[in-house]
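Given below, in the form of structure tokens, are the structures.
The same subunit A turns up in both complexes below, where it pairs with subunit B and then with subunit C.
Right, the complex of A and B next:
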């Protein structure tokens, strides 16, 4: 009897160990399984053209996801991206060659837009840290501020973007992939370097692991928080530029629906909502899961309404699974 | 005693309780007569809290009997204990500040005032007023609890305990756990008067660090040490000196604390405070820490020693006095300033505040000094790995690799990583807040070795230890604090260490 119990325990421990070992790879396994399943149902999934289409669809969510990954790694949340995207896209369209005024600042205009994104992120951070307001509330406000300013500037109309360089992002290709895909991969590389090789990246993980502890180690956590929100703002602004290029114009609701996709991707990728675990490569996998799933459903002719339901269930399932994973680690 | 002596209100016979690796209670027998107040004293870790938790039904004893009014009883859980008339008045008050006094008194017991699911508040408040009258507190039960001062809240807590009289079986057993630790003398007098007045309806177990109060209030006193009862004596025949002796009295093993390695410390002063005050926490603290000195601060909870360390690390700002680093006045506005000034802090809550569990061994070691492994603005992972490898070797840290998450290491190895973090950051002053808490004997010895080697390297160490033995064994000098003031300083050179009883005398 006692013997049996011991053996059972050993097996349970082994299973737990295996589970713990596999947990970091779970998102990748899900992605592979998803690809195989879709390919089995619909052969058209496996084609260079379809892969290019997936890469294309993934580029903007990836850039947005990278920005918010850092915020989530800190254990905070950033809901402002749709506002920043809208504001950035509109300002971009008004600065480069466009259909509404005589401006033609080209790349300088794009650079100015990144600075604006940084400023909005900085505002998020400084209010959050300075006034000790939860990031959830501050960024919720900033979301609406961004869209509001966009509407105030345009009065509800659209501005066409005529700048060939910006348009090229969505129209020109290099090695079979659109420029915007390469731009997104560049953003991923930058984010990875920040995460792995800078103090900011290390400190973000430390804060997510325990803010008191980070402070006890002499880290100026307030500054790290502000820097992280600022950096996130730059990523959103970049996504705003890409969105304007893709649409060929800018309007106040250009960011609509992107928040949900980005946060779903981060969570599905395995970055913990309570911070400290995960990273930008997880977000890459998460974005691919979300985009591949959407692509597969389109190929299979699933109705858009059902697609939305599936996406909603996906984010809940991902959180449910990751919570379980967390417990297995924290509770001995 | 009358001819037919009534059964004692509470009797514990041969209670045993173990936790993994620790024998918390062994063969504890205590008797509490009807209408009696029994004092329970002992050092931190003597087993008082465990015993209280068993009595309030939170823990189950491994062996032994609990007899209530002569009948063997099993206290299945806290509700069960309450139903049988055992109430606990906590040191940290258990009242919810946002509710009214009446709501707190009958929290969880509203059913008796409800009709068809609707609570009739007027009836509840009337009943609450009767409970408050029992302890003679003049408070309107509809007052919001958070608006009351601490002493009054303590009385409300007592009133809440008295509700068990009606709910249960009459005569109560009330456990008072350090009820006076934050009260002013006038309030303590009132509390004691109420307790004496209630002796007709309840028996009390009084746990306190303040021996004079224990002697003043109790009829008999039990002294606990290392999980057992070492003495039982009538309060009228005891004095504090005698109790001190009984609480400690064990031989110190000089070997264990590496006393042979204790070298005289240097002349140079690293850290000094002059007349340092922090509100109600501590007053007029003068402290000097030399190169290579291990300075212990002894004191019970509420002595102000924790708060003092928090000030030195920049968590709290002093309200008066000054801090000098290397002889020059310094302002430590936050932990970042402290770290920049070469101060390291090893917190008590190792798993929450000591290291990031989901970061690697290497990343935790460099957390306070990342600048040192930066090259061209980037973290040099190779340099970091080299550094971490050296520390792993030097401190004999047992880890599968330097990239392993700290989560998977044992407590002793985690603590070594925290210490490595500060040595790596070239901290010159290290504040150790209960550095051996929760470690097994072997790991403790390794920490003691490390403290000795830090001292040999000229670091100044400020130690708040788990036990007096540890304080005496490790330190060059000891500062004793009581109620926020330094009451005594001892030199503790190797071979001429003060005795525990000398320290305790100035602690309580």
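Right, the complex of A and C next:
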């Protein structure tokens, strides 16, 4: 009896060790398993053209995911992305050559949109830190503000983008990949540098690991928070530009459904919702898992209802697997 | 028809009759709400209640409402539900209280069950109400005389069928298609798909490769079309979409593959970009519901009932619950439609109340 228990404990300990060693690799293994499973069902999955399409489909969620990754690493959340994307896409449309007015500012217009994204993120940060309002509430408000201003400007119509430079992001390619994919990879590189090689990146992890400790060691956490939300806003605005390029037009609901995909991707990639764990490369893997799964389910002819259920289960399973129950003291 | 129009004009030209009409309405509102009835000689407020102003469809609806209010010289109010049924009903009750019941309501209820409390609130306050699109099957205007004037809907079946046929014609009559549906519990989505199914049954050379619901969402439609291009590749000869927004997104997915114009797409709703896409040879067609007419004429019907131009309880049932007429736009008439309805603001004869009645609504 006692012997059996010891063996059981030994096994459990071994399993724990294995799990700890495998945990960082779990998202990547899931992605590989997913690819193999889909390829076995439908051979068309494995083709350069399909991989290029997956890269295409992943580029906007990746840019959004990168922005929100930093916020989540601090243990906060940012729900404003759909509002920022809509507002950015609409302003972009109205600044570059378009079907509604005579403007033609080209790249200058795109630059202005990035500044607007930064301003919206800055507003998120300053209200969150200055007024001590939970990030959840502030950014929820900014979500509706963005869509509301978009509505006020457009009055519900859809405006076409005619600027060939902007459209080229979605229509032209370089080395077999659309320009938007290269742009997303560029954003990933920038995000990685910020995370690994800047003070801001280190401070973000410090805050996520324990804000009190970070503050005691002299980090001005308020400033870091404002900077992070501002940076996230720039990423969302960039995604807004890409969305307008892809749809060939802007409309108030152009951000629709993107929040769920982005947050799912971040969490599935292994970044912990309570902060301090994960990073931008995890987000890359997470985005690929979500996009490959969606692509694969259509390839396999899975019914649309089942697709939604699978995506919902995926996010719950990912969180369940990634929770370190030794650390979590309280579940709320 | 002619007779009614003459009576309406007479109602307008004859000041005494006009005043007596509003005075009666004022007296009705006196029952529950005192002070506002003192303004009985003023025109009733005209109110549109719609889902939101963030889609072209309802924005045009609102423009039609504004045009009618200008025509009638009445105060105009727009309420938006933002997809929230409770907000929709509560806002309507609030505006009834503010106007003391001296108003006309033209409402696109957020969901079918909402129509009942809306109609009951209107009846209690003596407000003339016209509903559009959504109401429970067992709620009828003639059970709430005279305040529940009419219910207007559009059958999606002929629209879905006409678009499928326009698409098949542009494809040369054979080949595979994929189809993007709306939210499947939504009546227009179900009817439009039924129309597609009927057209498919009549055209055995056309094969439906896959049908997916994109929930009226352009982003989802673009994503689905991309995955289809992998799954079916060049077997896709046409794309049928249950509305223009999804169809335009599918078109952009094709454009990214250099296939725009080669694979025709069809939509429904008649928004500007869809008509432009028909002119560019990329869209096979769309059906315009003319939301301008819905927003303007819905108010006009209620307004003329309130001002005594006609008595709802004496109207035939096909004026109380009817299908409006959708305009099929294809290559042939796209330019004309564009010039008359998009470049210029549509001109409506607001006294032609029943000119677009396409039959009494059928259930089941």
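Here, the second predicted complex is superposed on the first by the 312 of 332 C-alpha atoms of A that agree within 3 Å, B and C clash if a C-alpha of one lies under 4 Å from a C-alpha of the other, contacts with A are read in each partner's own complex, and residues count from 1 in each chain.
In the analysis below, a residue touches a chain if its C-beta (ideal position, glycine included) is under 8 Å from a C-beta of that chain, and two chains touch if they have at least 3 such contacts.
Here the structure is a predicted model, which means the values were calculated and not measured.
**Student:** Superpose on subunit A as described above, then tell me if subunit B and subunit C fit or clash.
**Tutor:** Taken together on subunit A, subunit C would fit alongside subunit B, as the superposition shows.
**Student:** For A:34, using the defined touch cut-off, is the partner it touches subunit B, subunit C, both, or neither? Pick first, second, both or neither.
**Tutor:** A:34: touches no partner chain.
**Student:** Determine, under the contact definition given at the top, whether A:256 touches first (subunit B), second (subunit C), both, or neither.
**Tutor:** The answer is second: A:256 touches subunit C but not subunit B.
**Student:** Just checking: does A:304 make contact with subunit B only, subunit C only, both, or neither of them? Give me first, second, both or neither.
**Tutor:** So A:304 only meets subunit C here.
**Student:** Does the superposition put A:49 against subunit B (first), subunit C (second), both, or neither?
**Tutor:** second
**Student:** Just subunit B (first), just subunit C (second), both, or neither: which does A:151 touch?
**Tutor:** second
**Student:** At the Cα centre of subunit A, what angle separates the centres of subunit B and subunit C, to the nearest 10 degrees?
**Tutor:** The vertex angle at subunit A equals 120 degrees.
**Student:** Identify the partner contact of A:196: answer first if only subunit B is touched, second if only subunit C is, both if each is, neither if none is.
**Tutor:** In the superposition, A:196 contacts subunit B only.
**Student:** For A:185, select first, second, both or neither according to whether it touches subunit B, subunit C, the two together, or no partner.
**Tutor:** Neither partner.
**Student:** Under the stated touch criterion, name the partner, subunit B or subunit C, that contacts more residues in subunit A.
**Tutor:** C
**Student:** Tell me which partner A:209 touches in the superposition: subunit B (first), subunit C (second), both or neither.
**Tutor:** Only subunit B; A:209 stays clear of subunit C.
**Student:** Would you check which partner chain A:26 touches, where first means subunit B only, second means subunit C only, and both and neither mean what they say?
**Tutor:** neither
**Student:** Minimum Cα separation, subunit B versus subunit C, post-superposition (Å)?
**Tutor:** 33
**Student:** Following superposition on chain A, which residues of subunit A contact subunit B and also contact subunit C?
**Tutor:** Of subunit A, no residue contacts subunit B in one complex and subunit C in the other.
**Student:** Contact residues on subunit A for subunit C in the complex?
**Tutor:** 42, 44-45, 47, 49-50, 53, 56-57, 99, 147, 150-151, 154-158, 160, 170-171, 178, 243, 246-249, 251-254, 256-258, 294-295, 298-299, 301, 304
**Student:** So in the complex, which bits of subunit B are touching subunit A?
**Tutor:** So the residues of subunit B touching subunit A come out as 313, 334-336, 338-340, 345, 347, 352-359, 363, 367-368, 370-371, 374, 377-379, 381, 407, 421, 425.
**Student:** Which stretch or stretches of subunit A touch subunit B in the complex?
**Tutor:** Per the touch definition, subunit A meets subunit B at residues 193, 196-199, 202-203, 205-206, 208-210, 212-220, 276-277, 329.
**Student:** Note which residues of subunit C are touching subunit A in the complex, please.
**Tutor:** Residues 52-60, 62, 210, 212-213, 217-220, 222-224, 226-231, 233, 245, 248-249, 252, 255-256, 271-273, 276.
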